[in-house]
């Protein structure tokens, strides 16, 4: 039975065709090497939830990071940021002024040149949209463009702009005025699967709800060039089923899979045709307790649940696909504190429950919990938690939901309709722990990601102080993180960090040049890859 | 002078259900000879074994053990292979059954049935059409009837049609299983008359099975009375009807209300 | 007609052939049952296996090797152990003994099946009897309502309803029953319509017995025989439907042991740890198969007319 | 003709009931549809606008009226999770499901009926020589075993949970042996080399019509496993049912007459009994057709088949009331219409049934 139809001749012809188009369009010498046709990325979720680079704040990053670029990019190897659209930068006045020099000769996919004005317009639009990760620009008070290739940020408080500009979300530099698009119509134009980025690939096709959801084509005029071996096209397959993902990897229909399950990952390490890479992520799973309504408004109950969680059992059961949560901040980021690693303490949990009138012999407690449908690790945690809590006379009423529904319920206008416990992964937008605090625990109206519904002015004040400290006083910053984590996790017991994901990537072993960059979760920078000839 | 040709001869027929020790005798018929152009009637109440006997003559006794000999011409129905029997059925021995309408396939036009039956015995095309027309005329049915479905005709018409099938196939032996019991009294007479006439005209050996001596008395030359699987009395119709030897026959005769009225 | 889909399509009702049961007739049925046990080997084997399953379910707390695993216990340090001496069926992703889980799963499935059939019969049969016996407008209204329900395949209506209800054992029972009762209503209606014209009902009516009394004392018992046969045939179908519902995540939730749920949770591990899916899956298959075989046997035993089609 | 009008009126009544029942069910869906629809970043003003757009503020009878008139106008509401018109979604998803169900139904007839025929034939003692000859006893055992295995197989086919069969078949024939693709409708990469033009949204048909051989090849390979799994239940039911119907038919008086006119047992079964038996069979097929559409919910989930079932399960997990209602109405409508068609076809098959 012929499953895959390889048509080398046709593919080569097409590649040559693209190469010649590339040559004409950009005016640069045509790429000399034939591009390998397609890199297929198998992703378990819907890829696109938002096409607008200003507000995008979800799965689509795996595609958009190949379409859009920011001023800088974070390099996990050195822990520093590297040039991308900016070639160099400097800061003066104690981190209050930042000057970026833009790469010259770069064009947006729509043909417009990348100038300081254009970059300013993009950042201004992102800030104005107030969605997604716009908060990263919070320190910016004004932007100057002294010449077409110089961008100057004036900040209201000191902040690490070079790191911020490498953010996985909200930092894209894009054209806000593509030709032929009316000024007010940009968003709807983008939502129709258009893009105005500078990256190596440009959006070619989007089939929402289909297996092959997104197709990106090589942008011939990419400033990084196409010499050497590269992929001509990137396809994002939406493949929720792990078995399917596994077989498509085996047969070579798919070149990369972001996550299988621990058992299959182990299996993949024995396969010659497959390469594997396990990398500690900057992403952790957090259980948020409803501090504003329902039974968990009683802090003793929250602490009891925290102590009832079998953290070590969870790690064991997940067979190497996760590492321990050391407080809110994953290892690898400043502020991470191994001393904050939690262990199960059932006697304490029982004591706390007894004080509150619950627990064995006391009143029965019912807790509602929502988690992500189809996430095996979350499901496993829920089972273990239910098991441990049942022994404490607490019934967990767990409901797997798709994220939109889960979030909608979490933000229900009537607090009584919200859940008691919510599971959510979080990761940094740029290489700093700030994101965990400002997004998850700073009070916000209406509710956004502050899903503990904490409203503590003291906590808010401490969080607001972080950016300034980051830029001026790293030691004080770390002290502040330690203080905040003790407050949030121990005094307030607003949440329980459960584990840090280990990214277990599986890909065709013919590919060279792949290195997982945990600062950009699940992203494969396809232009960096070298397909096997 | 040769004796009249025997169309059907039965010798030592025994039909049993089950095997070995448990075997139960359903019907036994020591001897029966049906000559061409004569009518033999087998009479008995239900369960007497008369229908079983009839089916044995067709070789249609599924799952029953049959012994003895049933000669139709040179063929012994008891031992003949199934293939020979399927040829014999219809072309030499034809059945006219009890409930005329339900015996005709409800989803088939009469013409289709006639055509298929004839084709089964190798009669096709113009010959088949001719045969069908003649047979229908013989039983006094309008050929237009061939376009109808069984539920669109009367019981009498259905029975005439069943007889027409036998005629069209030129069967030597016609086995009529209670051919009139499901019909109105007026129609009964007509159908019996028809059978009687065809017997005479075509030299058919007619075996008539009935529970009703009144029916039988009209056309039978020879009568066999059966009860509980055994022959109680057997003899020429006049003898059996006029001077019954067995008590059971007398009971049957007494139960015929129409006699003498 | 026989054997319309025991799974999703309860068969169209059989035309009524039952005489009013006399004690002698009941004795006859019992005798027939006994005779069946000798003659119908498959049905007998089915019954014996079912009995074993029921016993395993009822006695699970005593028979299961790790009774705690049937409800809330977990063993995160002993996950995904293959079938072997300590765990005959292996362990699942949180270290629970699968043999225990499968035994407890039998409790869930059998409970759901029994509850669904009871509820459906309790709702459907009286409605059907009233419709069939009363006739006229009442019959039209009731039967048109059942028609509407019957226009949804049973699983579809259950799925739509289970989505609305909070998932759990109770809502699974309700969701399936809603799609199931109309079959019994229709069947009882046909039977009751037939009985209505019988002599003994006329006699009772002439004696001045009230309608309700006639329905309760004469019509209902007679409508029950075909319904009882149908119930035994449908049990397998309900088991499959509830397993499907659970597989879609709309049935009982963790930590309840439910076969469909176990299959759903284990499916991603099928390649590497087959036992997680195989044993609960085979449990569904075996139970449904036995119910179907037994139901077939009962039908032919209690309904001699169907003798031939066996 | 009176029968036809009556039957049409009855169907219309049932459809009205179906719509009303669906409306009632979907009004009970938990969660605030406006919040789900408006998305996470909606402002209160946007929420109010969405509420108005979705008609959530209106009174219940008013909502029912909007719903019914909407259905008639082809406005089936907007799916909360795909944000497209429900009717649009269904019109692309339904063909994919029909492809599976269609194959299953064809197999049900092509395999199920002959199986039932074989069972009935063996049960009737077909093919044996008369009497208890030398091989008679063994022949009888052989026939009993043959009929028994037909019955056991069909019983097994209706007893196996379809999702288990799907998983087992997928793991054995796709994941382990690699004979077939694991999932999907066709290899998505082919869209680059030979994009498929959608005419009917039935992939195989479209590929055939447009002469797109690579896609056709891929689509057929992808179709085999899910179609076989989908067919198990229909084949089993049809085999059981046709066996029973044929046995019943062969006990009818006409069967004896046909044998008496020289037709063999098998000829009687195939040439005479099959047609009268096909009335109940056809009614059964209508029933099975609708159930297969629902079985597709489970099979499509396993095989990641972009049909109605996968659409429905996505709708279920995101509490997408309009989508759930749309799927429910479509399946129920399909069922009602199929039944109507079956009734009409029966009139053709069985002359006793008159319109």
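Annotations
The letters A, B, C and D name the chains in turn, as written, and every chain counts its residues from 1.
By definition in this document, contacts are C-beta pairs under 8 Å (C-beta built on N, C-alpha and C of every residue); 3 or more make two chains touch, one makes a residue touch a chain.
All of these numbers come straight from a predicted model, not from anything done at the bench.
Chains touching both chain A and chain C: D.
At the centre of the protein atoms shown, by the Cα-centroid criterion, sits D. Compared on C-beta pairs in contact, C-D and B-D come out with C-D as the pair having more. Compared with chain D, the chain whose C-alpha mean position is the greatest distance off is B.
The distance from the centre of chain C to the centre of chain D, each centre being the mean of the chain's C-alpha atoms, comes to 23 Å. The geometric centre of chain A is 90 Å away from that of chain B, both derived from CA atoms. As a whole-number value, the distance joining the C-alpha centres of chain B and chain D reads 49 Å.
In terms of their C-alpha centroids, the spacing between chain B and chain C amounts to 51 Å. Touching of two or more other chains is recorded for no residue of chain B. For chain D, the set of residues touching two or more other chains reads 171, 175, 302, 317, 319.
Under the contact definition stated at the top, the residues of chain C that touch 2 or more other chains are 249, 267, 270-271. Annotation, chain-chain contacts: A-C, A-D, B-D, C-D (touch as defined at the top). Only residues 124-125, 129-132, 252-254, 256-264, 267, 271-272, 275-276, 349-352 of chain D touch chain B when the two sit together in their complex. By the touch rule above, chain A contacts chain D in their complex via residues 1-5, 7, 10-11, 14, 37-38, 40, 55, 131, 205, 208-212, 215, 233, 235, 237, 239-241, 243-244, 246-248, 250-251, 253, 373, 400-402, 404-405, 407-409, 411-413, 446, 448.
Residues of chain C touching chain D in their complex: 1-9, 12, 42, 144-145, 147-149, 151-157, 159-161, 163-164, 166, 236, 240, 243-244, 247-250, 260, 263-264, 267, 270-271, 274, 277, 281-282, 284-285, 288-289, 292-293, 296, 308-309.
Note for the complex: chain A touches chain C at residues 241-243, 246, 261, 263-264, 266-267, 310, 312-314, 316-317, 319, 373, 376, 379-380, 382-384, 386-388, 390-391, 397-400.
On the chain D side of its complex with chain C, the touching residues are 10, 13-15, 17-18, 20-22, 25-26, 28-30, 148, 152, 155-156, 158-164, 167-168, 171, 175-176, 233, 237, 240-241, 243-245, 247-248, 251, 280, 283-284, 287-288, 290-291, 293-295, 297-298, 301-302, 312-313, 316-317, 319, 324, 328, 331-332, 335-336.
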